[in-house]
Amino acid sequence: MKFLKDLKPGDRVADIYMCKHKLIATTKNGKEYYSVTLQDKTGIVDAKVWEPNSDGIDEFDDTDYIDVFGEVTSFNGALQINVKRARRCHEGEYDPALYLPVSKKDNDQMYKELLGIIGTIQNPYLKKLLEEFFVQDEAFITAFRKSSAAKTVHHAFIGGLLEHTLSVTKLCDYYASVYPRLNRDLLLTAAMCHDMGKTREISLFPVNDYTDEGQFIGHIVMGCEMVGEKARSIEGFPILLMQQLQHCILAHHGEYEYGSPKKPSIMEAVALNLADNTDAKMETFTELLENVQTPGWQGYNKFFETNIYETATDKL
Amino acid sequence: MKFLKDLKPGDRVADIYMCKHKLIATTKNGKEYYSVTLQDKTGIVDAKVWEPNSDGIDEFDDTDYIDVFGEVTSFNGALQINVKRARRCHEGEYDPALYLPVSKKDNDQMYKELLGIIGTIQNPYLKKLLEEFFVQDEAFITAFRKSSAAKTVHHAFIGGLLEHTLSVTKLCDYYASVYPRLNRDLLLTAAMCHDMGKTREISLFPVNDYTDEGQFIGHIVMGCEMVGEKARSIEGFPILLMQQLQHCILAHHGEYEYGSPKKPSIMEAVALNLADNTDAKMETFTELLENVQTPGWQGYNKFFETNIYETATDKL
Amino acid sequence: MKFLKDLKPGDRVADIYMCKHKLIATTKNGKEYYSVTLQDKTGIVDAKVWEPNSDGIDEFDDTDYIDVFGEVTSFNGALQINVKRARRCHEGEYDPALYLPVSKKDNDQMYKELLGIIGTIQNPYLKKLLEEFFVQDEAFITAFRKSSAAKTVHHAFIGGLLEHTLSVTKLCDYYASVYPRLNRDLLLTAAMCHDMGKTREISLFPVNDYTDEGQFIGHIVMGCEMVGEKARSIEGFPILLMQQLQHCILAHHGEYEYGSPKKPSIMEAVALNLADNTDAKMETFTELLENVQTPGWQGYNKFFETNIYETATDKL
Amino acid sequence: MKFLKDLKPGDRVADIYMCKHKLIATTKNGKEYYSVTLQDKTGIVDAKVWEPNSDGIDEFDDTDYIDVFGEVTSFNGALQINVKRARRCHEGEYDPALYLPVSKKDNDQMYKELLGIIGTIQNPYLKKLLEEFFVQDEAFITAFRKSSAAKTVHHAFIGGLLEHTLSVTKLCDYYASVYPRLNRDLLLTAAMCHDMGKTREISLFPVNDYTDEGQFIGHIVMGCEMVGEKARSIEGFPILLMQQLQHCILAHHGEYEYGSPKKPSIMEAVALNLADNTDAKMETFTELLENVQTPGWQGYNKFFETNIYETATDKL
Amino acid sequence: MKFLKDLKPGDRVADIYMCKHKLIATTKNGKEYYSVTLQDKTGIVDAKVWEPNSDGIDEFDDTDYIDVFGEVTSFNGALQINVKRARRCHEGEYDPALYLPVSKKDNDQMYKELLGIIGTIQNPYLKKLLEEFFVQDEAFITAFRKSSAAKTVHHAFIGGLLEHTLSVTKLCDYYASVYPRLNRDLLLTAAMCHDMGKTREISLFPVNDYTDEGQFIGHIVMGCEMVGEKARSIEGFPILLMQQLQHCILAHHGEYEYGSPKKPSIMEAVALNLADNTDAKMETFTELLENVQTPGWQGYNKFFETNIYETATDKL
Amino acid sequence: MKFLKDLKPGDRVADIYMCKHKLIATTKNGKEYYSVTLQDKTGIVDAKVWEPNSDGIDEFDDTDYIDVFGEVTSFNGALQINVKRARRCHEGEYDPALYLPVSKKDNDQMYKELLGIIGTIQNPYLKKLLEEFFVQDEAFITAFRKSSAAKTVHHAFIGGLLEHTLSVTKLCDYYASVYPRLNRDLLLTAAMCHDMGKTREISLFPVNDYTDEGQFIGHIVMGCEMVGEKARSIEGFPILLMQQLQHCILAHHGEYEYGSPKKPSIMEAVALNLADNTDAKMETFTELLENVQTPGWQGYNKFFETNIYETATDKL
């Protein structure tokens, strides 16, 4: 299979791609055509079906898989596929793993590692809370392992939420080993739960977009609520411990202007915010560098608010 | 009874006041004394018991009512009562209503007015939700009617939460009559529920201070959660309506930097934020003017970030 | 007449529209053509005259009314009219009311309502000031009733200034009935005068653009000056009252960064700022919703700084 | 005469000082006394009259001149005069120049210099406007020459407004000689008028405090209005020139958050803002250094937002 | 020679221009072409070589001088040259001074003026430091005289750094004559050195782009280091004087957010910041006005954050 | 020895303390006395010598060690020692380690650990640079190991700079193991050098205050310069590597407003900023908790901008 990121003007295309989005549009002359976004795991490309009513063009819709035959051109500096034939495929003809961005890390392995950390939690209430989510709640586990951690920005791929959560949890574990004032059980539980609201804030792939609930309530408040409900259902769960755990989730963006309704008041909340911020920035920079075409200066980057430079290829 | 706000240097005091706070302190010479804050509904005054171990001084503690005998002096520009005798009173000796700040408006009347507005809500789910809180939940009603709306700033008195809620709801009703795009049922329900989390954020008088839950979670998230739980318990309550109601509560501070985890996305949430802000500013200015000693310029005011001027006494 | 908002690609056009703006441009091949903005009360559309020197094309200029014959196409996602014939019309051939955006509310009715409120002002000096503007000054009344309240944003239509002023005044009247510390006469007078500088800041339709004076001085300072001159011309007008009235106008944007050279120092100025802000936000949201094509999420809105959602069509 | 800045604990005082402010206060024991602020041109000192009803104490009030006999002590690190005798003086007994802060520069000389610059203005309308203010309007000239440029901060002394205005005007003249795009006549006229509103914003010495008009309207808008009225009274004064002159005054603080309702739109307004800012900062730093007690680091300074260092005494 | 700023659609071009940048691109049909930016001292123009492999098209590269034959068209509102023939020229065929933006002021004259000011410095250490840079260091002098003061914004032309430095130095000299607390030697030395790091931050013309060192370290820190090294190499140079000089350079942007790692702590640093800011704003506005096509309002300007108006052409 | 933190009103004092600061002051009655700040490693206490000329009071000065005899009282809520006798001690009478705040961690052990990490650096130039500082430069090593990392805030004790540097370096090592895009050699070298300018910015204990150089230049620029000089002295040190190392130091505060003249452009600079920020916040919170008197809520904390809560003592 020829991946979308490897196409160049003049290429012929004859492969199966996912239709991420189809739009019916009209040319200047009033003629109808399809404007389609094709996707595989390496990216997306714009495609046009200029003769939608011709024989070779099946009916198809968003998230269908399409066997595309066409030519690659360049329009306004971007690639475009002129589609001559488009056949809608059936399950079995394609391997979905090739069409959706997916974590480079092994999902099973990451999940096992998370369970291992849960095993080290001493506090029985926190451990029980974690187990009810991550061991016993099948629906939650499925969603959690498939979710991305974002619509764009960083970790925007299948398994991204698990990968980010594990990375933040391990950073927190390192902090707990270095700064003895930290309550490790509270901190690591908060780390594992901090973004669990994202399982409901962003719908699963291939859609991966904000839900109504996500827009109206947001993953921070939803995560706080999920943890609160679970804790209240566990007999004897200390009220104050529940509130501190909820506080860590509410405060994990660190500042009001980043959507946290509380600033961190306890050391564990400060630590969680630092770990979350560290993993977000390191992963964002990593993803930037992975897409670098020419080494050296990459131009102004909005997220880092400065000109970015790629050092890895310097032989220093 | 002689109210605290009417005392002046040289007065003798022989009345019952509430002990808001008692501190055991030591003079430069190492002698122990009590530093006491006395309170009635007109304010607070500092008092000193220089001979705490003498015969006329009973043992007493915070929130006890004390029959005080002493003299008023002026120290560093503030009044101070030198307490000679202090007798701890028993229930029945005093009328608590005289000792706590209380809304000038009639509590029963305001509550009745609120119920009247609930009666005008058309949507059966929203009406049921309101009734379950404001008609059927005795514990909630008691707390709601006694709560202040703040620790300091505006509406910091018994009945303040009810007064503020009613005022915001009526402003919203006026908006709904003027701006027809507003969904009146949604807006007024949100108005009545917007600060209900304060019943748990701030403890009741005489303490009137932030609870742990209030500090860790905050009334915005707690109110959102209270409404969510209630709505989920009502059969058939539309999910989207619940989310919009919760959104109004989450967004009612209007800006992230004021502690709202969401900015208003629907017109009703914008309206609620405007009504809340309007009532807060009008009441704050009213309370400022009530305490004015000399007309004209009042000096720089932190809340309004400028020099404040009292116009009421100008005969213009 | 076929309104511009109803055009779609492929339509033929044969109606009179106003020429809002005409530009003489040159094609890549060096050929001259006209790029024209046509307007009616429902909006504007881009039009091209590719053969400006052909027989069917009259000479015409900005704000002329043109009888247009042509075809509608779509270019870069926007409509465009290719004009074949363009005849310049004479007064009498068209009804100007169809070509300019105009308040949905009846102008006479609104004006009468404003006069009614002036009749309720008790203070003789304030009443006289209002009457000299709104009853006796014909030129002012004409401009005031025709002005928009803005170039874009909210109330950007004929009668918009009157509609906004009336709405703010009535909000202030509601405040005065609820918050007894407010000086109703001062507040309502300030409300009626707060944007009168806009009669000179923005030129009348069809131009509706900033004047030199508007850009150099601005409606806030101009309104302050207009009120000051008028008050000084009324014998016995109390100086302090004039200054407070001017202060309300200067401070009505509430914050320095919104162009107010003073922050509100008196309760009436705070109230006026709240009413102005409330009406601006409610009207802006209303205009947004009026233009909604598909219900639900509308995307990021700059003015409200968040994603906007249309609730009216939810059947909840 | 012994100046206040030279007093030290233990000194006897037997000289005439101005009473800037007198307050009747009460001791802890309920005894009345006077708390008085004495002033001469070198500063102010706190004084107490513990026996206000004794024979040697005349009745006196704010801005009276008092022949004081007493002793200097130190209280909480500040000097205090215990007044034994206080005789109210009559005009002629004292030289007012010794009691009020006054510019170090010669007032006549500065005024003459300003008139000289007016003589160089070419535009007849601007020249006439300046002459009507600075040559013909006796009341204005008197106020302008006596005013301070501020209540505190910089140029807070008699003649300060003239000194600051002259300095800004000469800076602008230098700019005009270096940057040929500047319209010298417009710029220098704006410079001479930019703070003329201060003659009404701050009352004259010895009070030197904000007036009602100053607080409600502010010197920026008042200056704009003064210039506008004058220009409109001069036959043939070009409207656009008047607006540009007013714009320079409105925009001379440079930023909305510093109270300018307009940002500078023309090069002359930008230049005036730069000159005003330059003279303000240079004079503020100069006044700081004049009060330096020990060379080197002076501690954090609010105005400059950093630790200030005195370089003048370094022998480098 | 026909300058680029004078071209209009339909013109034929037959002159030598510099190739600022050449890009090999591909048409929609997959055909290769050159997209070239041509430059002369009056500006830049886009050019296309549609037949790069035809006989008349030499091989050429960035900064080569090209004898171009072609036609001027207009594309998307901008000029474009369709190049038919392109011959690479040899040194001697063209006058480089015609192809690079260059200060309007005489470079020798400005340099001589700078040396004249160095001659007036009294402090022997500062004088020696200046002479070692500006009199003895040939490489530095060459770079300093050729450098621009910016990549874009103001003074972005050959000689711009010298012109800006001289202008700032003379402003400082004026300040020193007016504000006697300023140490003229320190201030003028700092002024002459303040931007010397730009000789290394921005490469010389025709490239005139940020260097690696410029991006990683920046001219502020580089200038501080250059001055420090030089001072340490001069025997007896007072340490404190060196630090104050370095401080002036580090603090000359005035605020942290403009990239200064220190805020001005001494009066000379405050003065240098004011002079730098004044010259930058005056020159930026001057360059804006030089490019004005139609008088009056110029639209919103990002740098001045407001709508800009051109006054020079008003006959007032 | 009785430590200062354990004193309470009424205690007698008869021990040796360090005089951190002595001030000669005057009572209200004009009598001279000494106001002294005594220090040991547990804190500081105010002391007064009311009879400085009496027999038992030796002459002494800042940083002298004094054998104090006196009584502890409470004044305005703070402890105060009334000193009856004060004998100046000679070296040998006291153990300096008891009088200065010192890291709880073993200095030799930390230094050894740092050397161990240097041993793991692969790049020969970076390794050589580190060794020349941390292994060969005795004066630097001594200063580095004794310095605090701050005047107040966090790590304000002997060894604080070493402790902070080691902690940041180890955090960076953890990052390098988790985020493979990071250049470990560059990152760890930058971490070890990032605050080395503090050896010159803050003088050693017991003074521990900003130096002139520290105030004028700052540790960020000084550290950049130290690293630059060293790198240039090492033959063959790659220029680009040096610039990237300097960039990491310049950018390690992350934002302009925190005094960094560059924002992080390379991933290593981002990582260093995160590690520095993490260690600063964790250590600051740790030091806060160490000083907690009563568990639970600690009141508003300026650094964390919220109310702080101590979790460690909760038995959850």
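Some notes on this structure:
For clarity, chains are labelled A, B, C, D, E and F in written order, and residue numbers in each chain start from 1.
To be clear about the criterion, a residue touches a chain if its C-beta (ideal position, glycine included) is under 8 Å from a C-beta of that chain, and two chains touch if they have at least 3 such contacts.
All values derive from a computational prediction rather than experimental measurement.
Looking at chain C and chain D, the chains that touch each of them are B, E. Where the sister copies chain D and chain F meet, the same residue numbers recur on both sides for under half of the interface positions. When the contact pairs of B-C are matched by residue number against D-E, C-D or A-B, over half are shared only with D-E.
Averaging C-alpha coordinates per chain places the centre of chain A 42 Å away from that of chain F.
Mean C-alpha positions place chain E and chain F at a centre distance of 44 Å. Note: centroid distance chain A to chain D, computed from Cα atoms, is 62 Å. In chain D, the residues that reach two or more other chains under the touch definition are 215-216, 240, 244, 262, 265, 307, 309. With chains as nodes and touching pairs as edges, the resulting graph is of another kind, matching none of line, ring, star or complete. Here the touching chains pair up as A-B, A-C, A-E, A-F, B-C, B-D, B-F, C-D, C-E, D-E, D-F, E-F.
Taken in their complex, chain B has these residues touching chain A: 212-213, 215-218, 220-221, 224-225, 228, 240, 243-244, 246-247, 250, 256-262, 265. Against chain E, the residues of chain A that register as touching in their complex are 9-10, 73-75, 297, 307, 309. Contact residues of chain D toward chain B in the complex are 26-30, 215-216.
Of all residues in chain F, only 123, 167, 170-171, 174-175, 178-179, 181-183, 186, 238, 240-241, 244, 262-268, 270-271, 274, 277-278, 281-283, 285-286, 289, 304-312, 314, 316 touch chain A in the complex they form.
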